[in-house]
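Note that chain A is present in both complexes that follow, paired respectively with chain B and with chain C.
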Partner chain A sequence: MLGMLRKQLKGHPALIPLLFFIGGGAAMSMGYLARLALRNPDVCWDKTNNPEPWNKMDPTHQYKFYAINMDYSKLKKQGPDF
Partner chain B sequence: MAFPSQLGFQDAASPVMEELLHFHDHAMMIVFMISTLVLYFIVALVTSSLTNKYILDSQEIEIIWTVLPAIILILIALPSLRILYLMDEINDPHLTIKAMGHQWYWSYEYTDYDALEFDSYMIPTQDLTPGQFRLLEADHRMIAPVESPVRVLVSGEDVLHSWAVPSLGVKMDAVPGRLNQTAFIASRPGVFYGQCSEICGANHSFMPVVVEAVPLQDFEAWSTLMIQDA
Partner chain C sequence: MSICVLCDLWPPYWPRRNARLHPHRLSQSTYTAGIKVTLSSSLQLLQEVKMAEEDIQAKLQNYRTAPFDARFPNSNQTRNCWSNYLDFYRCQKALDAKGVDTGPCDWYKRVFTSICPISWVQKWNDQREEGNFPGKI
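And then the complex of A and B:
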């Protein structure tokens, strides 16, 4: 399949930027879905060992993808300890 | 507040709204440039009597018109995502105010130190004094201190409402049974108007939001007076 692709790209080099951007977009979407599945505290994979990960959130951990002004490691927990 | 025949945004009264304004200018400039280019192409094509029936393909131009739009889209997406994440950050608010939506008025609760609660009804048109704005004025404004991060917890008491103040760049749905959080920093003192932004019945257009940003001493004096009066 790669050989076929290489032959087509040699004859039509305009396909290279197309592959790059579409492939990049697809990779970023899949990457974000994977991040959501593996890192989102709302997701529960292991019902026996880790049944409710949303109840065990660390106040100094950055859950967001990108933080601009906030430094989460410097935050102090504001809620009560249970 | 909005003025007649207004086309653009209201003047920004918070840093977030300034960012949104600048981003809108950036995106609008790109859109104008693309539209001008397309208009030029259309006029050039329509007014030309030349024809070429034999061109089949061109790899170079295809590369250009794939890469250039992709770069333009990235140039729009990066500031947009930055502002999106910036709006989500609530940096250690100094004050928390609860805005509860009712049919058809807002009630504000300042419960950080003492229990200060009051309702904010629209001033009916026949009761307006000269200089006041029709359908925008309220009898009791939500007072907030200037240049202090303020957290607003929004909820609804009966049906869906939405608490919105365009010049502060803030809009948050008031959903019964749910507590939504938003925050703003008023960069300058002033009175900022907004209107309920979720259809809620007969008087949906008649329950405005009025935020008055005052210096901290004035805010403290006002809250002391309100608690004493209660």
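And then the complex of A and C:
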């Protein structure tokens, strides 16, 4: 399949940027899905050992990429321990 | 003039030699002259527990609405509601088992009352009474 691709690109070199953009887009979407699957605290992979991953988070942990008004370093655990 | 009286007596030369002996650092366990200082760290623990209880009372009195929870930063707060509902009943069960006053658990009750739809809370209460509740308490 790569051989076919190479032949086509040699004939139409203007298609190379297309590859970059489509490949980049696909990589970004797969990367976002991977981040959601592995880092999102709502996602539970191991029901027996870690059934509620959001309870194991640090209160200052920032999941979003960019927080506009929220100073995460000042947050503390809210409820009492039990 | 700082609030730390001992700090004012600190020799005013720079750089500070013997920074391990600074008044602010004596209360953590450090090695001073080879002897581990841990007396004040256990006192600190006791003080912290007392402060935590007073903190909860103060927080309950000043409560307006559920504060920002970093575990649930997005607009979908379903899990926030669920988590606090579970935490309230787990806290009650745990503190009842220990025989301690369950007053501090009220924080969770206030939070889920603020953010959960009333119909959900009623449905879960009914499920708990019937024994059908899907969560682990």
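We adopt the following convention: the second predicted complex is superposed on the first by the 65 of 82 C-alpha atoms of A that agree within 3 Å, B and C clash if a C-alpha of one lies under 4 Å from a C-alpha of the other, contacts with A are read in each partner's own complex, and residues count from 1 in each chain.
Keep in mind that, in the parts below, a residue touches a chain if its C-beta (ideal position, glycine included) is under 8 Å from a C-beta of that chain, and two chains touch if they have at least 3 such contacts.
No experiment lies behind these values; they were computed from the predicted model shown.
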Next on the checklist: Looking at A:P80, would you say it contacts chain B, chain C, both, or neither? Reply first, second, both or neither.
Outcome noted: second
Checklist entry - Given the touch rule stated above, what does A:Y63 touch, chain B (first), chain C (second), both, or neither? => result second
Checklist entry - Which one hits more chain A residues, chain B or chain C? => result C
Item to check | Touched partner set for A:M4, first chain B, second chain C, both or neither | outcome: neither
Next on the checklist: By the touch definition above, which chain A residues appear in both interfaces, chain B in one complex and chain C in the other?
Outcome noted: 64, 67, 70
Next on the checklist: Looking at the complex, which residues from chain A come into contact with chain C?
Outcome noted: 41-42, 51-52, 54-55, 57, 59-64, 67, 70, 72, 75, 78-82
Next on the checklist: Per the contact definition, I'd like the list of chain B residues that touch chain A in the complex.
Outcome noted: 57, 59-60, 62-63, 66-67, 70, 81-82, 85-86, 88-89, 91
Checklist outcome for this item: Residue set of chain A touching chain B in the complex reads 12-14, 16-18, 21, 64-70
Checklist entry - Which residues, counting only chain C, touch chain A once they are in their complex? => result 52, 56, 59, 67-74, 79, 83-84, 87, 90-91, 94-95, 104-105, 107-108, 111, 136
